[in-house]
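Each of the next two complexes has chain A plus one more chain, namely chain B in the first and chain C in the second.
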Partner chain A sequence: MRSILGWSMLLLVFVVPVLFLFLRSITFGWRYPDLFPSDWSMRAWHVIAGDPQILQALLTTMLVGITVVALNLLLGIPAAYALSHGRLKGVVWLETILFLPILVPVLAIAMGLHITMIRLGLADHISGVILIHLLPTLPYTIRVLRSGFDRIAPGWRRLGDTLGAPRITLFVTGLLPMMRPSLRSAAVLAFVISLSQYVLTAIIGGGQVTTLPLLYYPFFDSADQAVIAGFSVVFAALPAVFLLLWESLMAGFTYLLRRT
Partner chain B sequence: MKRYVPLPLLLAAAACADGEGGAEDADTLSEAPWEEIEEAASGAEISMYMWGGDEGINAYMDEVVAPHLEEEYDITFSRQPMDAPEFLSRLMTEREADSMDGSGDILWINGENFRTAKENELLYGSFADMLPNMDYINEEAPYVENDMGTAVEGMQVPWGNVQYAFQFQGAEDPPETMEELLDWAEENPGSMTYPDVSNDTGNGFVRHILHHVAESPEDLAEYDEAWLEENGDDVWETLRELAPHLWREGETYPDSLSQQDQLFADGEVSMTLGFNEHRAESLIEQGTFPEDTETIGLTSGSISSVHYLSMPFNTTEPEAALVAINYMLSPEAQIAKLEPSRWGEGHILDLDAVSSGERDEIEAMVGEEVVPQEDALPELDARYVDWIQDNWEQEVVQQR
Partner chain C sequence: MLTIHQAEKQFDQLPVFRGVSFTVKAGETASLVGPSGCGKTTLLRTIAGLERLSSGTMQLHGRDMTSVPPEKRPVVLLFQDALLFPHLTVLENVLYGLKYGKRRLSRKKRNEEAETMLAKVEMTGWKDHYPAQLSGGQQQRVSLARALLLQPELLLLDEPFSSLDAHLRQQLRLWVRRFLKQEGVTALFVTHDREEAVMMGDHLLVMKDGLLQQEGAPEDVYTAPVNEAVADVISDGLYCEEGFIGADRLQVDPEGELEAVVEHALYAYGWRFYRLTVHTLSQTVVVHTEEELTEGTSVKLSVKEVPEHD
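Now for the complex of A and B:
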């Protein structure tokens, strides 16, 4: 009984709004106070599919997002592990410094970053955009992973040492599987943050790196709700696609681990 | 244009500033005959920075301009959806870093943004005289030389001309002058509003009030602080008197035109407004606005606003950009722009300079003018825009 209630709550909060947006995108002239739409039109989807840059933008968005997640994990796992189990001096200071990029409004430093990017030859490149997306994502990744590592008792490591397992084996077969929920949260969070960057992408990417928000946000300046709703559905679908990819990757990893 | 370089490699190469020599500037190019420019333009890839939030405008660029440039000149054209403040801030940084390897080649710009760009030397230079199709444009028109008080000096060329107009739904006898509009608001409490003046549409409405207060448009022809000292209070007084009859009794205003359009679409207010007298047509067609929407241009005067095309200082393909701009000024491209199912906005052609066939086509397309030419008011100096922005909040909103 309780789980039915739980599931219907989930549906109500997460699925119904997206369905409503989808409905909004395929109706014609659905205005207050009509309770139900009377006319249907695929116009909004024609506009979205007809944009000559839409496919490229979707691919770029996924590529940027996935690379940002990979770099986040690559840099975030060691940092979080060191903060949690490293017995470092001045951990509080270190953590504050690593968290600083979130405390400073990104817009305030965007211009300066752009100059640096131009000097490095990274402006207008997808690599510059990926790099700049680390700024609003990495601090969160470190935070999330750190609390994940905090929940793993140091005893596990000592147990591995006693059994004579090399550090790397211990890490891959012991710690990482235990970290799976935290890794998933960190990855999805980083992906979603990267997905929603508009200003950073526009300034550093210079319109040469067209991600979905660059096509989508200008429509908020129009009264065209159907197109906005359609784009929002696409926007909401991307994290779901990412989660699917992530889960299959994890399943593959677990399978490999079991076999060896 | 796109170069993908592995990230670590780029990080290692700390200082490899792009020093690919500057593009030729406007002076060297202006010597060249047009045929040579066209030849040099062939095969180039260019992109244009422009706001991308209107499907009609996007369709015009993608379905008319881009294919023509491709076929006729072998130029690959793409639009980069970016708003003026963003591309200006980018250009400013690129100016500071002396980056001559810009990623945009054409800018869509006017008014205050043009002034900012010109003052900060973000523009390519004076290029208008190089374009053969400038012959189709009425050189006498004031907007060719002057854009809201900033001298144009050939650094941008007019692209389109739109009138300020008002849309009503369900109004039996919609007002036709500013006087009548103010009375109408009083008789229909809660039916009218206008967007916050930080928005160009809301600001434009207050500029109409300035014209309403002024005895003749000549009083406002140039920025005149003494006039503002004397008459500024009348402007605010008019708006303060209007406020209690507005939507939510003037306690709050829509943040943007899109918000007001949505209020209008939902029937929450029964009027909306904005530049481009034909803008309601496509909104009705796509089902956003109700069918009985009626557009009115005020006979007491309606501001006409011109927007322009320009080139940034660091375009890498100036020849192709010139060819593209030249095409966008041609009668063919201007007539296609009138088509209401795509963009549907006013042309800047001199009707005496085009062929008679083209003139007939234009007249058929424009149909009955919403705002007759004699009712058009000139756009005000950009400093009036600033004056409205600086004082409106305190004089009108906080006096409630």
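Now for the complex of A and C:
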């Protein structure tokens, strides 16, 4: 009974709005007080699919998002592990410093960094955008992973030592699989944050790097609600696509571990 | 055979234990008992190689192990918690050491050995289950199987039953004792529970305040502790200037010379006992008597003379 209630709530909150958006994108002149749409049309999707800029932006957005996630994990896992199990001195200070980018308005940092990036030749380039996206994502990644590592008993390292498994082997075959829920949360969070960046991408990308948000906001100027609805569906689908990719990757990883 | 000679360990200049020397014979189970904080767990970890000795040496079958890293030592430590990987099945957990650890075998060979070992620890029917589906005692048996598959020359057990309830603990320690004997494993068993120590060990080592106080056959140590510290840890009785008086020699006697206060009654093995505090010695002792005593009252104790043996 409780699970039925839970699932219906989930459906109501997450699926119905997207479904509604999708319906809106394939209807024509659906206005209050009509309960059902009167005309159906795929026009909006033709507009979206026909725009070469959108397709390009979609690819750029995925590329930026996936690279940002990869860098987040690459930097976040060791940092979080060290914070959690590393017996460091002044952990509280270190954590605060690592969390600072969230506390200081990101625009202020981006403005300052922009000049540095121009000097380094990273401005107006996709690598610069990826780098600046680490700013609003990495602090969260470290937080999420750290609490994940905190839940894992420190005894595992001793277990690895006494069984004779090298540290790195224990990490890959033991600790990371145990961290799977935290890793998933961190990855999806980083991806969604990267996906939603407008200002940072606009400043550092200088209009040369076009991600979906950069096209999305100007679209709001148009009065074509069906197209906006269609665009929103595309936007909402991206995290789902990412999650699917992530889960397949994890399943592949687990399969490999079992095979060898 | 394990030989520890003059072992000492310090943390930040503070000694955890010092001057510890003893041997454990091949095929023997030795119990190391002592109160919390006496250094026994640290000693066990240094034998496993997880901590380094500050000074002293350790030999295993005549080979010096003092500075051999833990992953190269033919020693495996069993922890308080079973530490089974939650994402792996029982069989995969048991295979872990043979796949990534000290004793790597080909896939076919390791699967065969793992199946055999699971049968020995009576867990065959559970091999495809996950650890969360097992009871605490079953988890420890799987953990034991994983350790023994590495064929350690010495198995170390760090209070492996302490997270189990009393009933299960009783069952499992009996089972483990028989199993270790049957497999001929040389083992060192650490506990703070004296009953467990006496039951598990062929040889008993008593540690307190960072020193090895006494060692010997469990019965000898129990009946003849060499000092008050050992008496306090392992024996039932009073330690006074003249030496140790076992609880079996103490009797409630109006003519007695020792004055004691009745703390409370307790019942075990079909008998009634009373816990008494002897204030002049600052010690408590549990004594059996047919008389009914009232809590808080004073009684007198006398010492029975025992006829000389032999």
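Keep in mind that, in the parts below, the second predicted complex is superposed on the first by the 259 of 260 C-alpha atoms of A that agree within 3 Å, B and C clash if a C-alpha of one lies under 4 Å from a C-alpha of the other, contacts with A are read in each partner's own complex, and residues count from 1 in each chain.
Please note the rule applied: contacts are C-beta pairs under 8 Å (C-beta built on N, C-alpha and C of every residue); 3 or more make two chains touch, one makes a residue touch a chain.
Keep in mind that what you see is a predicted model, and the values were worked out from it rather than measured.
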When chain B and chain C are modelled together on chain A, clash or fit: fit
Which of chain B and chain C A:52 touches, first, second, both or neither: first
Partner chain(s) touched by A:156 [first = chain B, second = chain C, both, neither]: second
Chain A residues touched by each partner, larger count belonging to chain B or chain C: B
Which superposed partner A:32 touches (first chain B, second chain C, both, neither): first
Apex chain A: angle to the C-alpha centres of chain B and chain C, given in degrees as a multiple of 10: 160
Which superposed partner A:203 touches (first chain B, second chain C, both, neither): first
Chain B versus chain C as contact partner of A:3, first or second or both or neither: neither
First (chain B), second (chain C), both or neither touched by A:220: first
CA minimum distance (chain B, chain C), superposed complexes, angstrom: 33
Chain A residues touching chain B - in the complex, by the definition given at the top: 27-33, 39, 41, 43, 47, 50-53, 111, 114-115, 118-127, 130-131, 199, 202-203, 206-208, 210, 214-215, 217-227
Residues of chain A that touch chain C when the two form their complex: 153, 155-156, 158-159, 161-166, 169-170, 173-174, 177-178, 180, 254, 258
Residues of chain B that touch chain A when the two form their complex: 1-7, 10-11, 13-18, 47, 49, 51-55, 58-59, 62, 66, 78, 80-83, 86-87, 89-90, 92-94, 96-97, 99, 103-104, 256-258, 261-262, 264-268, 283, 286-290
Contacting residues of chain C [partner chain A, same complex]: 45, 48-50, 70-72, 75-77, 79, 81, 83, 85-87, 92, 96-97, 100-103, 146-147, 150
